[in-house]
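Two complexes come next, and they have one chain in common, chain A, joined by chain B in the first and chain C in the second.
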Partner chain A sequence: MRKLSVLTLVVVLALVVSAAGAALARQNVEITLMGWSSSTEENDALLAQVAAFEAANPDISVNVQLVPEYDTTIQAAFASGDSPNVFYVDSSKLPDWAEAGVLASGEGMIENLDDHYESLLEAFTYDGTLYCPPKDFSIMALQYNKDMFDAAGLDYPTPDWTWDDLRTAAEALTGENEAGQKVLGLVTPPNFERWLPFLYQAGGSVLNEDWTEVTLDSDEAREALEFYIGMVNDGIAGPPSMVDAGWGGEAFAQGRVALAMEGNWVISYLVEQFPDLNWGVTELPRHPAGGQASMVFTVCYGVASNNDYPDESWQLANFLTGPEGSQLVAEEGFGVIPPAISAADTWLEAIGPEIGEGFLAGAEYAHKWQFPVGFQDVFDTFNADLQLAFEGQYLAEDVIIDTIGVAEEVLAR
Partner chain B sequence: MAQPQVLARPKVTTMAAKRRQEALTGYMFMAPALVIFLVFLIIPIGAAVYLSFTDWNGITPVFDEGAYEQVGLDNYRDLLLGEHTEADGRVVKATTRQRDFFISLKNTTYYVLGVVPTQTLLALILAVIVNQRWLKAKGFFRTAFYFPSITSSVVISIIFMWMFTRGGLINTTIGAVFSGYDSNSFVNWLDDPRGVIHIILEQFGVTRANVGDWASNRSLGLTTWEWLSGPSVTMLTIMILNTWTTIGTMMVIFLAALQNIPSSVYEAAAIDGANAWRIFRQITVPLLRPTTFFVVTLGLIGCFQVFDQIYVISSGGPAKTTLTVAYMVYQNGFNRSAMGLAAATAIILFVIIFAFTLLQRLFVSERANV
Partner chain C sequence: MTASTTTAPHERRSPLMTALTVVGWTVLIVFAALEIFPFVFTVANSFKCLPAVQSYPRSIIPVPPFGAECQTETGAARSPGEVSGAVTFNPTLEGYEEIADANLPRWLYNTAIFAVAITIGRLIFDSLAGYALARLKFPGNRLVFYTILGTMMVPAIVLLIPRFIILKELSMLNTYQGLIVPLAVDAFGIFLMKQFFESIPNEIEEAAMVDGANRLTMFFRVVLPMATPALTALAIFSFQGAWNDFLMPLLILSGDSDLWTLTLGLSFLRGAYGETLRWHAFLAGSVLTTLPLALIFFYFQRYFVEGVSYSGLKG
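On to the complex of A and B.
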């Protein structure tokens, strides 16, 4: 009898323990966060943010997946109905993903709206719906090689530089380096988004406000494109490949160009890999009539519409983009700017104000990098034509006519 | 252990039953391969055919209601005709899609025309060389020639990119040999959209401007002048790369075939007084014909599907001159949210490859009958 009761006790205890375990397990929710892999510092900062979130929410554990070939991977995940709960969304991809219905609406779910830049929230609003809180952003600015400016006896660029100043400086800085290699004044990648600031500075636009009409057929567009192509045809600027580089930042880092127009992603690249480079940064030059513009490239934390744990997902997205999460990123002081306005000062301090302010200043007037679904066709046509124009085979007018034709076709689809 | 014999009743089996039994066993053995074949080949092919008649964006979960609509042949019309008509009678222009498709077809065709004959010929020559008895260190040469084929194409592509940058190994080497070729005239191998034929014509003073009006006639979205561009300089670089990496495989196939030719045939020819060239022309080449067919077919299929080198080196640029059909499938599916269109492109590519293979088979077997 005694033996039996001990056994009963053991069995009952075991049952209680396992039931409690099951209850705990039910509470402990695992959500998946998918993004692309960046620099080690940036990945570490994300992991630190996630650790802080898990510490504050012991019942939620986050499975972080930083994958290569992100766009392909996540598209396959969407298509198979196996979407991660929270994931990176580039502002240029937002229209496609919103149209496809894989993004949950962020209306009423996103916290700390006051602490976010208006221009960023606008970049994640599609068809009147705000989808996701911005994760970070990068703004195009003008980087200059101080040593090359000193050697040429030129003053450093300032925020009130105009296109004419840019041209004059690029002309003076074009030449050869000690190794006899060609050095260009300015690097001009043959990409639509690199030319867009010039279009916006000149007062032009690609589409009308509600994306129903193509507005490229304008004097402003022609002026901006002729300026961009003209510098290449005159031999004072060129694409990165002309100076043996894969991208503008590399051309600049290797001293093969004196000026570049990259975003703040270039900071960690230059600081870590080229610590000896003596460089500065300021805002993009203005149109001679005074027009100021830049581009903002930004990413948000989207929440899946097909989601077992929507509440926990929003909790994570809000934490990562909120004041506390932003501070964690800002303190690290690498390239990208944290999304919360309250964290801007911390970021500036960590990155060094001379560098940081040149980029951050553009947040006021930068345009979002976002176009309607299917506009990839337009970018590809423009970029291909622009390369031919750089080679002198196309005129600015040819590029504009081609681009308008494709853009109108895409809008009519 | 002795089994009690009485319990084992002799089975009465007819011939038919036995055969069925054997067939079943056979299928059981084949089952793993059949399942893999079905799951990873037949079903995806069927899915691609089905999706090519839809407007699926490739993002919305494919089994969701309303993930796609049936659009009939619209994707094919867009690619081949440059427009389609909606159900309400509205004509939707797709000139860009048509143009891109024919640009990619043109690029792929030049690529195939350049690479397939070159790699077949070079592979044959290499195979004959490493098959010679007098050659010392055969093993080394065979390994060296075969090595590029087994190395990852991504790694090889990246190494080629470094070699072919403007200030890279290739240009510096040429510059060291030819004094006129200095750093200012360096060819921009990886970023030069000019067509090779255009460049050659230009040397003879023939340009778009003076060639006459016929060059401006448009067919299938491209002007005649554009059709006649030849591969661009960048495409030529990728062609060189791919020729180099595939030669090894082809060489091994030729080598195996060469070693199958009985030496008695060669001896007989030698006794008859044939010289080395004649032996090669009239014994080796004809006896290798089935192998040549195999190598050319493999080459055709591989070249029409060229993707990874393009993806790594040029992403279809500069100016779409390295946009191949296979790369366009990827672009439509993953950059443009048009998976239905991508599937249609893939199906057309399949039809083209199939037709070429049949054509070539016809050609080779006719020659063999003569």
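On to the complex of A and C.
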């Protein structure tokens, strides 16, 4: 009997202590935010945002972890069950992580829905569930070298350029520079995502709505691919390697191509590292029938499903992506565009409207960069085939047949 | 150093031999240049303004004015042509300033702590374990040895997640000891030491035993001093390995940027996509990462060559 009462006492004491502990912990909750490092300015701006959040919520402190090799680090964290409370999610990773169950559903939790672009929310919706609020985004647009256009006596590109205008200009701009090096009209990286805007402009698609069928066997896909490959075969465009560059932005910056189709990540690169370059931006050209499309690459703040502080995590995610948090980033004027529509004007002002507008306009009609789990195999096949097609060893038709084969295999898994 | 016999005065050299020598030297010079030039470019570009790295990556001769300004008064980047040409460039410390601001001193300090602690740990524990396996007869001696040897066959990447989980359970993630303790002993070192101890004649130890030394005295006063070549090799490998390690620090320390090593820091500077890479600062960081190790190498070069040839013979 005596033994029992001692035991009871111990249990009661333990409960009291743990309850008190929980109450104390409540006073100051620490949540972890994990992401990858961007430029120093961007990292600093995130810290400033977080500081503003902590000032507004004195009972929450945020431990910001910007890590190298993000994918490795977060996979280890998921595997050990020690997930950060809030973390970056690339739109291409969303299906993977949603399937794995590491992401909490954002339905009913995400605020300021009206202040977000439809195309971005769509990028973070998987299987009908909206998972997370967008952090920032990049849109593909057309960059042109003003000096080269002037020298060739051509008018600068405009948003209503069509494929034909692109081709004509690329043809006129192809030649040699003073050093006798080859100069191409347009840089065409041998990558699936660079070709996709052409497919979408032509009205084609890769998969049907519910991702059960491959829809690449279409006239639109053939037309888009033949156009892309055709420019290379005709010698007026080519991959970055053809002009000794590692990526499209570099080829453009070095003056080895007159036109490039990069996203807004190219802005700070060109401004900081190539101050002499005289360049402009406009929207991607349209299909001759008028079809307009671009690609949006975006990242969101995911909230962990395995989470001790879900409410505080959502508070943080909503603050960082809401009007106030967006303003803080927009003022700094980096390459990436802040997520809130209300902050767009501030961003344009800070970055310079003549540069920003070409990118921002695409937010209305851009497609998300997101495919089913395992689609990396499809990209790899397409990219390798595309390179062969550039070299004249493959036809557009061969690339399409190969790609469909692999895509169907992946879908059947 | 003894005089080389090939240069004896009365020796006749056939034209063929001369030609071969010339070819040999040419090949050596070409390969030496291939090895050295990347480092020369790294150093030269680390002293340039950012746009100059992009526009004139091949200029390697610094000319005055030193300490060139990389920005105009308005804060915009200066044209690369103003501070660099095809062959020469005006050096600046901008890259080094940027990397110093990016917490590099702290990374250097952490890396030194890890490398030294791991090296000391391995010298002590590997030699003790190697000696035990070489000399002490106990049940399961060979089983223990083969188990240790077996762990060398497991690719490190396989152990990544289990290691992470164990360290997490021990609350050792993001701590100094979290990186040091798991790496303070390694199978290769034990193997190396065991093989070396077995090559020492038993009689020496028996003599020490007759003089009244116990096992530990004998180990520290007699055996260990004889093992200097093996210990040197082990120390150099451990230090270099710990200094350059990336995967383990990434796994164990990535949550606390105050504990990062140089390799983590440099990778962090590179950014997620690389477009934002600020070359001059990145190369400045590479130079500073390489420099301490290079200095240690030059200083201990003789031992290092001995150590490599020793472990090459035995391992």
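Methods note: the second predicted complex is superposed on the first by the 387 of 413 C-alpha atoms of A that agree within 3 Å, B and C clash if a C-alpha of one lies under 4 Å from a C-alpha of the other, contacts with A are read in each partner's own complex, and residues count from 1 in each chain.
Going forward, a contact is a pair of C-beta atoms (placed from the backbone, for glycine too) under 8 Å apart; a residue touches a chain by one contact, two chains touch by 3 or more.
Keep in mind it's a predicted model, so treat the numbers as computed, not measured.
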{"item": "Which superposed partner A:P159 touches (first chain B, second chain C, both, neither)", "value": "neither"}
{"item": "Which of chain B and chain C A:Y269 touches, first, second, both or neither", "value": "second"}
{"item": "More chain A residues in contact - chain B or chain C", "value": "B"}
{"item": "Partner chain in contact with A:S37 - chain B first, chain C second, else both or neither", "value": "second"}
{"item": "Partner chain(s) touched by A:G230 [first = chain B, second = chain C, both, neither]", "value": "neither"}
{"item": "First, second, both or neither for A:G203, with chain B first and chain C second", "value": "neither"}
{"item": "Partner chain in contact with A:A79 - chain B first, chain C second, else both or neither", "value": "both"}
{"item": "Contact residues of chain A, present in both the chain B and the chain C interface", "value": "72, 79-80"}
{"item": "Residues of chain A defined as touching chain B within the complex", "value": "71-72, 75, 78-81, 83, 96-97, 99-102, 180-182, 190, 239, 241-244, 306, 373-374, 376-377, 380-381, 383-385, 387-388, 391, 393, 405-406, 409-410, 412-413"}
{"item": "Complex interface listing, chain B residues touching chain A", "value": "57-64, 92-97, 100, 165-168, 183-184, 188, 190-194, 316-320, 331, 334-339"}
{"item": "Residue numbers on chain A that touch chain C, as the complex places them", "value": "32, 34, 36-40, 42, 65-70, 72-73, 76, 79-80, 82, 247, 249, 253-254, 265-266, 268-269, 271-276"}
{"item": "Contact footprint of chain A on chain C as seen in their complex", "value": "50-51, 53-55, 76-81, 98, 102, 160-161, 164-165, 168, 173, 250-251, 254-257, 264, 267-273, 275-276, 278-279"}
